[in-house]
Amino acid sequence: MIEFINVTKKYPNGTVALRDVSLKIDPGEFVFVVGASGAGKSTFLKLIIREEVSSSGIIKINKYNLNTLSKREIPYFRRTMGVVFQDFRLIPSMNVYDNVAFAMRVIGAKEKDIRKRVTYVISLVGLSSKARCMPNELSGGEQQRVSLARALANNANLIIADEPTGNVDPQMSKEIVDLFMRLNEGGATVVMVTHEHSLVRCYDKRVIILENGSVVSDGIPARLAPSEPAKPPAVEETPGPHPKPYLPRRQGTEITDIPVADLLAGSGKDGGR
Amino acid sequence: MIEFINVTKKYPNGTVALRDVSLKIDPGEFVFVVGASGAGKSTFLKLIIREEVSSSGIIKINKYNLNTLSKREIPYFRRTMGVVFQDFRLIPSMNVYDNVAFAMRVIGAKEKDIRKRVTYVISLVGLSSKARCMPNELSGGEQQRVSLARALANNANLIIADEPTGNVDPQMSKEIVDLFMRLNEGGATVVMVTHEHSLVRCYDKRVIILENGSVVSDGIPARLAPSEPAKPPAVEETPGPHPKPYLPRRQGTEITDIPVADLLAGSGKDGGR
Amino acid sequence: MGNSLGYLTREGLRNVLHNRLMSLASISVLFSCLVMIGSAFLVFANLNAMIGSIEAQNVIMVFVKDTSTTKQTEQLGVEIRALLNVESCVFVPKEEAFQQQIDQLGSAAELFEGIDNPLPDAYKVTVADMNNFQTTVKNIEQLDNVLRVRENSDLASKLASLKSAATYISIGVIALLLIVSLFIISNTIRVTMFSRRLEIRIMKSVGATSWFIRWPFMLEGMILGVLAGLLAELAVWGVYEAVSRSLKGLLSTLGRSGALPFSDYWHILLAGFLIIGFLAGAVGSLFSMGKYLKEQECAGIDEE
Amino acid sequence: MGNSLGYLTREGLRNVLHNRLMSLASISVLFSCLVMIGSAFLVFANLNAMIGSIEAQNVIMVFVKDTSTTKQTEQLGVEIRALLNVESCVFVPKEEAFQQQIDQLGSAAELFEGIDNPLPDAYKVTVADMNNFQTTVKNIEQLDNVLRVRENSDLASKLASLKSAATYISIGVIALLLIVSLFIISNTIRVTMFSRRLEIRIMKSVGATSWFIRWPFMLEGMILGVLAGLLAELAVWGVYEAVSRSLKGLLSTLGRSGALPFSDYWHILLAGFLIIGFLAGAVGSLFSMGKYLKEQECAGIDEE
């Protein structure tokens, strides 16, 4: 459960990135966060993973109250989630395998479990042939997928993804979101920031729209559309003959040959925890 | 003019990123380069800006033959183009203004011209209020736009852009491509890598499709579409009721309030050159 | 955390190899500092030994009464040797003493030819501890059959103060070098860590505890420290042997048989080097990392 | 490039302030090294002066023939003073010489009481250059009315070799410190540059020439070098005054009036510090950047 109560985030240089945000994300929900560049989406996620601290307001994540979380607890808190960073954050001195394995090593998993699980998640993002490459030998999209694989490594039940599809082609984007959907069906909470509105429209999921640091819309687009005529252009400016969001068309999405089916069963017994 | 003759690029670790690519881009052309993640798009651009050297084959850019270009000439060669990098490449110790100004300072422009031109291109990408921020104080999309502004600073007549819209919302993406279109109309050659096929479809421009290091399609989609039934899924997998690329609809694109109109007239007299 | 230990150790080893530039720089700097400290130590050890050997030449002449018999004279020798703080006691017959006087006068000596030997028999006594020089002189004066004691208490006190000065200066110089070295080393490690702050930040954001991040870095530091210590030992050894060989001629002119043998000092040096290297590496990386490991404080600190 | 010069200079200054950690580290390391070199220089200057003052005590005794008149004796004095390499020449009447002999014998002196003074009048001569000691002795021996010349050529040669040894050792130690310092400094700069390689790479990819990138870094290095030099001068001055004051008592026991005044040396030191600092900063950053400035060679090198 993620709960924001009147949260404001002001950066040291004076920029107010979030303004009085209150919202609640229930366990098992799937939430898209959209908004223009600089709207505060990444800041929202950074507050959730406690990389930034709120200037005012209360943030509660599962059993943790971030306002009272001691520094000592932070690493343990962070291990309860899998995070895909907008800037990937790969350790430049480790190869792909070690980067993904690192997330499991920090929790002290057994080397055998690590090998099984890491090999598996790397194949899941289609990078098996690149496992021994260093990050600087990868293309942008490949780096992004390594970050994704690392987020999946520990089989966390809270997935935070900051534009996980920004550097990959539309087909792969769909595959990635489908992967998240599977995880979500297995019980994980997923919060995903994205710019690809076409993607958001394919799924019948909750969408939070940020504008200039404030939440201007929150709900499932198909149901919201008729009731919110006042703020239309934020999502619907994409060219095309569709004046309102698509209705969900789950059956239409192509699931590729990547073996996502057994992701939740997971090899490696819940990542060794 | 960009000319590739049987160019192959093999990285030191053995990865063959480009395979026997031959193509020619005429001065004043606008070219989209699309392809899956890892297809070799960035490698293609890196060869053009001579950040990487081809393993075999001949590359000619305008009057430069990159196979015989001496090291001493490289900086001067690079100044003839404006480049938006996939990973932004902002200098972390300089603020937004100085990052953009740097491109003009390397060519020894006058401080007065720099001030005029830089202020102008920063406003063009909508970052006037962030001019004094350091790169690490910017959101992903803002960083990308700084990189864009820097590419525009010198008013180069060859624009190379590696996913310049990867971190911005669809509306801004359109604005950016429109900006490139204007430059193109003014005579600049533009080579732009992108994943957003929906964007590509809005324009009636040449599209080069890379797959696994090879050019699998090259031409204007609207004219190609009927003649190439064998390779349809590479571009057209986006969900939606459109089985083939859009026809150009220039009149339908919303030009925003950003003053792009006078970009080519440019303040700062051709960037001081 | 049993599983992690193996990983953390491997990681530390891997870091050494992976960051070759950094490793080389750290080892070089530490090595340079250790070589300086070691050299200073050996120079001062030799200086001390030299002063000691000059000291040994500061003797007390005990003149025996003309009236005493050979037996009494011998008895006196036994009594002197029995005193505390007497290191050696050699009998000098009057003829020999006279000859020495003449020799001391150099080429003007022939002026004394034909003059009767006015000197008595004597004992030449050296003391063990210069600081108790006066007491020993007093004790000898109280013995029987002593005509007079000749001592150069001025030289004795000069030597004593020279020796203590040398000791103070040695300790001072070595302490200074140590401080300077620690300063240099800590700065080098700080810069090294600075260039790896990104890595540290990423590790933190994936949920690594501070100790999990620290361990490989510390281990890396220790390995580099110990390596630098071993190299410094070898370098100091080589340089010392070369220098002491080339200075042999000079030292013998100055009345010394040669430099102290390195074999007497190698273990002290090695122990010192290893301890300094180890601590510098471990503690240095521990502290210089602190800044990059810090988490943001809770709400409110950004506002001021 | 006229426009650029101003920018490049400002940029160099800005770098100093912006990279405070790096600047501080570089200055500290350079400072430490300079302080060591400066201290060694002053120690050796003092040592040399000390040996010099001992040398001045090495005298040639020229005994005058018994048969010569007062006039002849005075004439001899004039002739000796006229010789090259003679620094001073003092007349010692025979009574005084005898008294000195007696004093030298210490408390055994009274044994000489009642003996006729066998010594002649003499001149006490000191030479300017120890290396020409023997020649001077020869020259004096050839003068009229000289009975005999007493000289301690053994001590003279000992002192001469001690002095040249001290000179060699000083030069050696200072050269060693200089090398070690340059090594340490270049390593520190290398690490600093390494942590800025990203910046350099970006600048290159925007079309900056190598010199355009180098200038601000070099300027930054020079500024830091000169700052370190100035700080080192102040530190060495302070430490030297403190140490020479506290050692004053000790030095006077050893027969020296005190340490050399710092005012005689400050300009040499300052010049040395500034030159070393400046060069280390400029040349150091110039070379350590080279690696990151290199462009890829043309086609073909990737294949092997």
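In this document, chain identifiers A, B, C and D correspond to the written order of the chains, with residue numbering beginning at 1 in each.
Operating definition for what follows: contacts are C-beta pairs under 8 Å (C-beta built on N, C-alpha and C of every residue); 3 or more make two chains touch, one makes a residue touch a chain.
Nothing here was measured: the structure is a model prediction, and the numbers come from that model.
S.K.: Going by the contact rule set out at the top, which chains touch both subunit A and subunit C?
M.R.: Chains touching both subunit A and subunit C: none.
S.K.: Counting only Cα atoms for the centres, state how far subunit C is from subunit D in Å.
M.R.: 23
S.K.: Per the centroid of Cα atoms for each chain, what is the distance between subunit A and subunit D, given in Å?
M.R.: That pair's centroid distance is 68 Å.
S.K.: Please tell me the distance, in whole Å, between the geometric centres of subunit A and subunit B computed from their C-alpha atoms.
M.R.: Inter-chain centre distance comes to 28 Å.
S.K.: On subunit A, where are the residues touching two or more other chains?
M.R.: Residues 11 of subunit A touch two or more partner chains.
S.K.: Where in subunit C do residues touch at least two different other chains?
M.R.: In subunit C, nothing touches at least two other chains.
S.K.: Thinking of each chain as a vertex joined to the chains it touches, would you call that graph a line, ring, star, complete, or other?
M.R.: Topology of the interface graph: a ring, with each chain touching two neighbours.
S.K.: For this structure, give each pair of chains that are touching.
M.R.: Between chains, contact exists in these pairs: A-B, A-C, B-D, C-D.
S.K.: Where on subunit D is subunit C touching in the complex?
M.R.: Residues of subunit D touching subunit C: 21-22, 24-25, 28-29, 32-33, 35-36, 39, 61, 63, 101, 104-108, 111-112, 115, 118-120, 148-152, 157-158, 161-162, 165, 176-177, 180, 183-184, 187-188, 190-192, 194-195, 247, 250, 253-254.
S.K.: Could you pull out which subunit A residues touch subunit B in their complex?
M.R.: 11, 13, 15, 34-38, 41-43, 86-87, 133, 137-142, 144-145, 162-163, 166-174, 195-198, 202, 237-240, 246, 249, 252-254
S.K.: List the residues on subunit A that touch subunit C in their complex, please.
M.R.: That would be residues 10-12, 49, 51-56, 66-69, 71, 74-79, 83, 85, 89-93, 102-103, 105-111, 150 of subunit A.
S.K.: Looking at the complex, which residues from subunit D come into contact with subunit B?
M.R.: So the residues of subunit D touching subunit B come out as 1-4, 6-7, 15, 18-19, 198-199, 202-210, 212, 295-303.
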